[in-house]
Amino acid sequence: MIKGRTVSPVRVSKGISADRLIREFEKSGVMGAGRIARATNILEKAIRDKCTLFMGFAGAMVPGGMKQVVIDMLRAGWVDVLVSTGANLTHDLVEALGFHHYQGSPDIDDRLLNKKRIDRIYDSFMPDDVYPALEDFTQRVFPTMPEQMNIREFLWELGKAMPRKLPSILRTCYEHKIPLFCPAISDSGIGLQVWNYIQQHKLEVSAFDDLKEILDIAWTSKKACVLYIGGGVPKNYIQQAMQLSPKAASYGVQITMDRPEPGGSSGAVLREGISWGKMNSNAEFVDVICDATIALPLIVAGLKSRLG
Amino acid sequence: MIKGRTVSPVRVSKGISADRLIREFEKSGVMGAGRIARATNILEKAIRDKCTLFMGFAGAMVPGGMKQVVIDMLRAGWVDVLVSTGANLTHDLVEALGFHHYQGSPDIDDRLLNKKRIDRIYDSFMPDDVYPALEDFTQRVFPTMPEQMNIREFLWELGKAMPRKLPSILRTCYEHKIPLFCPAISDSGIGLQVWNYIQQHKLEVSAFDDLKEILDIAWTSKKACVLYIGGGVPKNYIQQAMQLSPKAASYGVQITMDRPEPGGSSGAVLREGISWGKMNSNAEFVDVICDATIALPLIVAGLKSRLG
Amino acid sequence: MIKGRTVSPVRVSKGISADRLIREFEKSGVMGAGRIARATNILEKAIRDKCTLFMGFAGAMVPGGMKQVVIDMLRAGWVDVLVSTGANLTHDLVEALGFHHYQGSPDIDDRLLNKKRIDRIYDSFMPDDVYPALEDFTQRVFPTMPEQMNIREFLWELGKAMPRKLPSILRTCYEHKIPLFCPAISDSGIGLQVWNYIQQHKLEVSAFDDLKEILDIAWTSKKACVLYIGGGVPKNYIQQAMQLSPKAASYGVQITMDRPEPGGSSGAVLREGISWGKMNSNAEFVDVICDATIALPLIVAGLKSRLG
Amino acid sequence: MIKGRTVSPVRVSKGISADRLIREFEKSGVMGAGRIARATNILEKAIRDKCTLFMGFAGAMVPGGMKQVVIDMLRAGWVDVLVSTGANLTHDLVEALGFHHYQGSPDIDDRLLNKKRIDRIYDSFMPDDVYPALEDFTQRVFPTMPEQMNIREFLWELGKAMPRKLPSILRTCYEHKIPLFCPAISDSGIGLQVWNYIQQHKLEVSAFDDLKEILDIAWTSKKACVLYIGGGVPKNYIQQAMQLSPKAASYGVQITMDRPEPGGSSGAVLREGISWGKMNSNAEFVDVICDATIALPLIVAGLKSRLG
């Protein structure tokens, strides 16, 4: 039977819960709404199914206000492996040190911002004076770390040293012993602080050593689920681990605004992963073409309601 | 002061309402989430402010399950003028005749669908046998209409003739006397039925006559709000009416996935309209870059909770 | 055999011709470059094959400097039917009256432009004083036209009245007797001038009457090729004609930056048309995901070199 | 004066050269065409001006047939620093070992490809049997390398060991002593081979050590130009180097299909970099919104014609 279920019109009522709205999206079943519903269902199933969940975390998510949503996911035990860009971890550290991002506009004169020493991330503004604070903190903390580490160990050390007062992704990963990977950590504000430090001190961080760790987790997972917020290295790094795992991913959700046609990994549909053996031929997966600051909290609202 | 309010992390709780989620988006204030919040606020304000609300309605919204959401908006008295593509009205008529769209997939072999006589609208499927039913209905109804009409009159006549059993945008506009425009009505399944009919009968529909009506409404509006679901003719037709109105639009919300850089009207940011005098220099407006099947029901959920 | 030809690296040499560059793209055969090559090949074949070529013309192509490229295509006899937005025809008329578009920036303050009475089309600026000139011209010309026409006749009348000094799409279509359709003509500056005129004069233009003409051309075409520059009504209007033609389109090229996932007609891939019977099951077609101001002149350069 | 030069219609003639076409684009000056022209002018100027040119290289460019174009740029001495994804280097190595990518389709059943052991990169196919060859080569070559290196040194060592028979980006960088960076090298097929090797052998590659090198180059550059093919780590890594350089970038060209609105670095407009001090306040720069497999060869054709 080619035709699926009927597309039932989405019904919205006063005071409707986010989860109920997603159920309405499921009744429609098509276009962006349908994909939000499928993503929520797939993640619910994967979490109930005790899958090892690998989450790729790219894009301006912390400056975009998504920090707490991710921390909630980590604390709930939904995420087993987090792979992040260096930028998100740097912004996470910045906020944990008591600094803020500010609501701004993309239409402002960037020369003016430069004079006022404000760094722009689309419409989120960060005062440039976070950098001295970042330096203070890291140069105080780095000497307490082992002299030889891999990147995952380095990030846990950083998490351990993070202030407890303010919540952070780095500290949450450390506390919950969630492996946190960041292959391109040198490409970040944190990386710059390491560069600063190693001019005069010893801190050897291996580029390849923790690759073994994520591959081992992938290899020994009974069942894997991948969740990609944006593309970039985080997605590709998990995809590569899936390629080497015997069963590949059984569940997959991707939230992205990138297009598939130019051919890059970030915009590639999850289905493409089947050819590589990154995604299982029988996997359940969905590509959500949506700004992740809209889709992720909505999906998490659904998951919280369903999983308690 | 360049920096706005701090970006507060979005917090999601179990059972959170859609409206509360939008309030959380407002606290964040940035990126896609922030724009959903601003859009809801702007529409709330415009409706409370008794603005004349012009809604442009393009894209595969009825096959995407958005019919009821729009009907609710019309019934609530929020929308004063609706400008639609011919396609959405045709799909609306199809559903009002008792037919359905079905959940499908964009990855299917379209040659197979063709053999099975199923028409694909991305992942929404429509059986081709709606056409005979469309013909039956229209050829029965057209003779009851005046021989000379403008397009708005024609659409109200169609709405009047629509079955009452099943809700439809066409009938709702007729019943609530909401002017419904569709400049490119000949570019639709309904248009094809008129062509079919006028081979042997008389039905003169003027291409320009109802332009006066929308311009008059724009001209006499104390305050105008524009809401664009997608771009195309519906957006541009309203923009043109705003250009000729003395005050231009005071509020504006646009939900689109089109890009501004290629220069077309569909992807143009609302700010561009200020140069033309389509948008007031002091207007409040926001461009929501999001699949409308996600953004519209979410925003409407917020509005229903706020406006009762 | 699943694998096609090898992807040969594109080679660029000093002084390389545009057509040779496209041949290099063909050797690569993949991604955007490969699609440019396929588009050129398909159009070359369709033109040599004496197909009836239907061209849809949407987006800010005239303000984007594409007027002459289109006029060349019309004069070369490549295009048999042109379907345009009203905006492109209005901008064409504006330039034919001796006015210009100007190079600008999307980052400018639109309130300043509004004060200076300059209308912005992304980064193309049009002085607002074209409107009095437009009014002068049309109000002088409309009285010379028949009182009853369909839109295609109206556009040929307009073309006939156009100044000969400066080249225009409108005049070229009239001179070469190329049927020019614009279903949403009321949604344009030209449309506004008609509205202006019919306040006090008689000019009856039928909304549906010329639908018969395009359907007849489609019906009687031995073989059809569709070429879509952007989406909107022009694309959909031709697609609808193809749906009613016995053989559907045998060749298709689409140049667009819109995405398929939201489900609208503008971003829909050509393959989707097979399900509807708009595109032949054996058709050769390609979707070029590219800004048309880049892709169209490049492809036309290839065609000129090949077709003389 | 707000208005710039007039938008002159692009004129295309039989046999027109790619460079002449770009000159025509310059006359138009707007939309995508205008941006291609500005990009070519900026790069021409930067190269003539002896700028230090930093090129970021992301996206499926080698599978997309762009290898030779990049090698030509490197050989011509235009590029002073190359920052790449690991994927592009892996595909470069694969082709240098005599393997090929093949022309395919994105619409194929990926389960079939998986059975046939063919890996899909959008519409470019790679036989999975490259992996044993990759292993043979690397496991033979790794033992010849120093046991301690940074990533840049590792990549030059790899380049040194590359077969000379077939051209490669890796070998060209080595031969021309062009610093090649790849911060996320562990996220690639090459990275997997290192992981494989270090199970039993010693090969210590530092994650942070070569950061000093790129920062030193940025710091000592008299004038810098950035050229971004896609976003990801390559772009961000160069942006970060520019942030620490005293003068920031004076010229910038970005070719991308990513959008700015979601806020990520990949889609961010170059102007945003001014706020951070990554782009000079007086810099000349342009964002080209285009598939890089179309835009890059076209621009390089222009540069070759102009720079000889």
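Each chain gets a letter, A, B, C and D, in the order it is written, and its residues are counted from 1.
The definition used in the following text is that contacts are C-beta pairs under 8 Å (C-beta built on N, C-alpha and C of every residue); 3 or more make two chains touch, one makes a residue touch a chain.
If you're wondering where the values come from, they're calculated on a predicted model, not measured in any experiment.
*Asks:* I want to compare two interfaces, C-D and B-D. Which one has more contacting C-beta pairs?
*Replies:* Result: the pair with more contacts is C-D.
*Asks:* Name the chain whose C-alpha centroid is farthest from the C-alpha centroid of chain B.
*Replies:* Most remote chain from chain B, centroid-wise, comes out as D.
*Asks:* Could you please state the distance in Å, as a whole number, between where the Cα atoms of chain B are centred and where those of chain C are centred?
*Replies:* That gives a centre separation of 25 Å.
*Asks:* Please work out the Cα centroid separation of chain C and chain D, and write it as a whole number of Å.
*Replies:* Each chain reduced to its C-alpha mean, chain C and chain D end up 34 Å apart.
*Asks:* Any idea how many Å lie between the Cα centroids of chain B and chain D?
*Replies:* A distance of 42 Å separates the two centres.
*Asks:* Two or more other chains in contact with one residue: find those residues in chain D.
*Replies:* Touching at least two other chains: 30-32, 60, 63-64, 107, 113, 118, 122-124, 257, 259, 261-263, 271, 289, 291-293.
*Asks:* What residues on chain C touch chain A, complex-wise?
*Replies:* The touching residues are 30-32, 107, 259, 261-263, 287, 289.
*Asks:* With touch defined as at the start, can you tell me which chain A residues reach chain B in the complex?
*Replies:* 2-19, 21, 24-25, 27-34, 36, 60, 63-69, 72, 100-104, 107-108, 112-113, 116, 118, 122-125, 127, 257, 271, 289-295, 297-298, 300-301, 304-305, 308
*Asks:* For the complex, which residues does chain C have touching chain B?
*Replies:* My answer: residues 58-60, 63-64, 87, 106, 110-111, 113-114, 118-124, 128, 151, 183-188, 191-192, 194-195, 198-199, 203-209, 211-212, 215, 230-233, 236-237, 240, 244, 257-268, 271-277, 281, 291-293.
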